[in-house]
Amino acid sequence: MKKFINKYENLIEEMVEGYVLANSDKVKRLPTERVLAYSNAPIQGKVGVITGGGSGHKPAFIGYIGKGLLDTVAVGDIFAAPPVQRCYEAIKAADGGKGVLVCIGNYSGDTMNFGMAAELAQDEGIPVEILVVNDDVASSPKDRMDNRRGVAGEVVLWKMMGALAQEGADLATLKEVGNRTIFNTRSLGVAHTPCIMPSSGKPSFQIGDDEMEIGVGHHGEPGIQRTKLMSADEVTTLITQKILEDLPFGAGDEVSVLMSGLGSTSLLEMYICYRKLHQILTDHQITIHRNYIGEFFTSMEMGGFSITLTKLDEDLKRLIDAPCDGVHLIQH
Amino acid sequence: MKKFINKYENLIEEMVEGYVLANSDKVKRLPTERVLAYSNAPIQGKVGVITGGGSGHKPAFIGYIGKGLLDTVAVGDIFAAPPVQRCYEAIKAADGGKGVLVCIGNYSGDTMNFGMAAELAQDEGIPVEILVVNDDVASSPKDRMDNRRGVAGEVVLWKMMGALAQEGADLATLKEVGNRTIFNTRSLGVAHTPCIMPSSGKPSFQIGDDEMEIGVGHHGEPGIQRTKLMSADEVTTLITQKILEDLPFGAGDEVSVLMSGLGSTSLLEMYICYRKLHQILTDHQITIHRNYIGEFFTSMEMGGFSITLTKLDEDLKRLIDAPCDGVHLIQH
Amino acid sequence: MADTISFNRVKESFASILNRLEENRQYLNDLDSPIGDSDHGESVTAAFKKVKEAVDAYPADQNDIGSLLQSIGKAIIFSGGAAMGPLYGTAFMDAGTAICGKSVLTREDLVALMVAFARGIERRGKVKIGEKTMFDTIYPTAEALQKAFDEGKPLSDMINAGIAAAKQGMESTKDMLSLRGRSSRLGERSIGHIDPGAASSYFIMEAFLKSLVEG
Amino acid sequence: MADTISFNRVKESFASILNRLEENRQYLNDLDSPIGDSDHGESVTAAFKKVKEAVDAYPADQNDIGSLLQSIGKAIIFSGGAAMGPLYGTAFMDAGTAICGKSVLTREDLVALMVAFARGIERRGKVKIGEKTMFDTIYPTAEALQKAFDEGKPLSDMINAGIAAAKQGMESTKDMLSLRGRSSRLGERSIGHIDPGAASSYFIMEAFLKSLVEG
């Protein structure tokens, strides 16, 4: 296994230590040690916007801590949802008197741990709402949408909710706009190279030297279609088509695009794919209001990328355009 | 070869097209087609700050176009210096009446092509100065420092010079402060996995399954020491030690840190390494004034990373802290 | 062999569970690879290390099996994480509640413990039998204990029946279509693989039940 | 065989050069891998494609070998890129200047052309013999032509001598310590590898010189 790590047992602790040392202007560590918070959190009079999840997805989740983004994050082990205590502490530390919005991906580990933590916090009088992102169109048919995984679309929700909370909106408004964001957000990814699990040194999935798989989850969960490696244009066309059909997106729509590399796929390739995506959306008379191209939600060194489209209304345009000052996402 | 590209012949053209489509708010394309410019360039009364080089290093070079950073960039083929015409056009398009500062890495291709282009521009009355970055301590002994390669330290020079030009400094001042920046900047990298050349599908260098190499260049040029893969702490200690000795950096110094992943090495690993780097610098009573951790100068999907330290004086602190609004580097 | 189970026997079973899980750590990761995220062995061994700590920290002057199981449950819930954390944690909590105050378990108590354990999984996971989860190991185990008890079998027979049912339950997940957790996104492609949670449950059930009767 | 070289012969040599480089594209990349950045074959074939375009675009009603070489030089300089661009470009420019206005080359002209070509590399690369570059192929070629000419050898002998010297020059780089370009950072580790630029120069020299005498 070619990774620069020390003892596996200390992996998460050392990463968190390094992260806090590097970003002490924006981030602080809470007593439970695996919960990180924006230095100014809790912000009185603002709804706390938080998340949490397994590690190995950097810059997600902790890279989105900051002004106009996330207030706290509960950090799990590699690909493992954080336990209840951390989730609970993350909720408590984000509450500035107006309650807390938990924005997580649709994984039973995350929903159960945050669900139990939310109950504890609610028992103490903190209003908590949980939004569950299910943007991965590959992970269940449309009639079982509530079973779909949350993937890079989570970043879009954090951006929107961080901005809306910053505007001073209340928890009910956040929940309403958040659900609208989730409903309007669809993603699909492709991977050709697994990540290596640092615990075992083994690849997260098996795949042939000339193969790729559409719909692989960002923990290496199997996707929907295994094929020979396609060209940039072919793969972008295939992914975009499946996303467009799913909402469906149509002529006249305005969207945001988030193209996130999974780890080892280069920005060079992503821009080649973006070129095709732009052509396809233009052909469909869909306007790209804003784009994000880079690594936003990775799977360590996995090879591949995902495309996330969000259909925007006036609210969502305002929110995606709002400035933010996160550790790994800064917007003027 | 597992890359999402189309025909190799169209690789650079399609990347540039995608890039300009994605970033049309900040970037425009010049008539020579492989020269990109900040949308507002040339800025009258400001010295133009420019660069250029081979492709495959994204976000370098074109990701640093923007306010407080680069005005124009000449784009070469994969790992190949851009030809004279593009360099010439990049110089001309950046001149707002106060001349142009070319900030490039120390490679004979880049220095020759930009050198010839600068002569042509100077013949037309445009004042041009060329700064050549030679930060890679692995690439020649200290007594042959002028033979060293430029690596991720180039980013530091762009940041400093972009900020200084933005302040309104003249070309002579830029040159002076630029040379100070270069002298005070030292880098060293490590790689354990080659990138794959898109022309041939072949790895850029051969290396064993359990090996790494200290000092590999970001085009896969051989380094100085091949060893068994080290732990994060070991490799960080080794690299940092070699950098610290080289200037040398000493107690009481203030530095900026730039840790740049080469492509597939995850941010998770980089923060683990940053933790050790921070400890070592603290032990040496060296203060980290600012840090950059991420992918700043890559080599497609190469595995590994580099550390760049710059010793800062008051000028350099002000410049590194100045806001900027580049495509892939935004700072408040 | 006595037909009751002492506090110490229960307490010591957790060393044996941890051992069994650690032996199978990579096997459980590997089961989690084709239909999940390759980490189940890590999560479950890490959680049962925490369990071991909770057991070791249990006050030396107390011997309430119910409160021991509750503190184990709390440890898993609070610091286990992953999907298995809330599931196993709730199961132990509920099992502890079911036998609250007992320092010795009768055959009947063991049935109550296991039934509550299974109901805990069911409650937390909102899961039914046949959905390809750990519940498919655990529920049949509880049922087998119940049946053996109802038939008046001695403790050792009950335990053998429980282990056999756990094994069969685990193996039954191989042909199931997943409807819960990560693997539920695979549809038909989930068929043909043993569920990793069903396998870890088997190791836990087996090590636990065995320790109750072995020295 | 004539002891002069026609404009057309020179012109047609560039198809043959391109062909020879394309055959060896990957070989040149591979030579550039252990001591450089694995791209020399790409850069040099791309540049000589541009050369071919410049040759094809040369006005049909003109036949000045000097100006043909200059337009080739300009094409490489302006759109060749990499390290080899300014080097080969300057060499062709200087070679063109040396034989400016000639539509037929004598044996003496060929020597002047090659000497100027070599001096162009030397001037642009600030390079000396023995520094492990293309100059180690090119300079000996020019020298061999000069020597054969001085000895009064016929054109075909001159050309054979030039090709032999080019080959030997290329091979001589194998044992050299690099002092120029990318490989100069390797120190001792540059020894044992043929320089990729020295190899591309050999293919260029060989194809060029051969075409001048072959049909």
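Here are some notes:
Labels A, B, C and D are assigned to the chains in the order they are written; within every chain, residues are numbered from 1.
By definition in this document, a residue touches a chain if its C-beta (ideal position, glycine included) is under 8 Å from a C-beta of that chain, and two chains touch if they have at least 3 such contacts.
According to UniProt, the chain labels map to these proteins: C, D = PEP-dependent dihydroxyacetone kinase, ADP-binding subunit DhaL.
Bear in mind the structure is a predicted one, so any value in this text is a computation, not a measurement.
In this assembly, the C-alpha centroid of chain C lies 77 Å from the C-alpha centroid of chain D. Centroids of chain A and chain B (each the mean of its C-alpha atoms) stand 29 Å apart. As a whole-number value, the distance joining the C-alpha centres of chain B and chain D reads 33 Å. Annotation for chain C: no residues touch two or more other chains.
Arrangement of the chains shown, judged by which pairs touch: a linear chain-to-chain path with two open ends.
Pairwise chain contacts in this structure: A-B, A-C, B-D. Against chain B, in their complex, chain D makes its touches with residues 26, 29-30, 33-39, 41-43, 46, 77-87, 89, 124-125, 180-182, 184-186, 189. Across the complex, chain A meets chain C through its residues 54, 76-86, 107-109, 112-113, 115-116, 138-140, 147-149, 197, 199-200, 202, 204-206, 217, 219-222.
Residues 2-6, 11, 14-15, 17-19, 21-22, 55-56, 58-59, 63, 192-193, 209, 212, 229-233, 235-236, 263-276, 278, 291, 293-295, 298, 300-301, 303, 305, 325, 328, 330-332 of chain B are the ones that touch chain A when the two sit in their complex.
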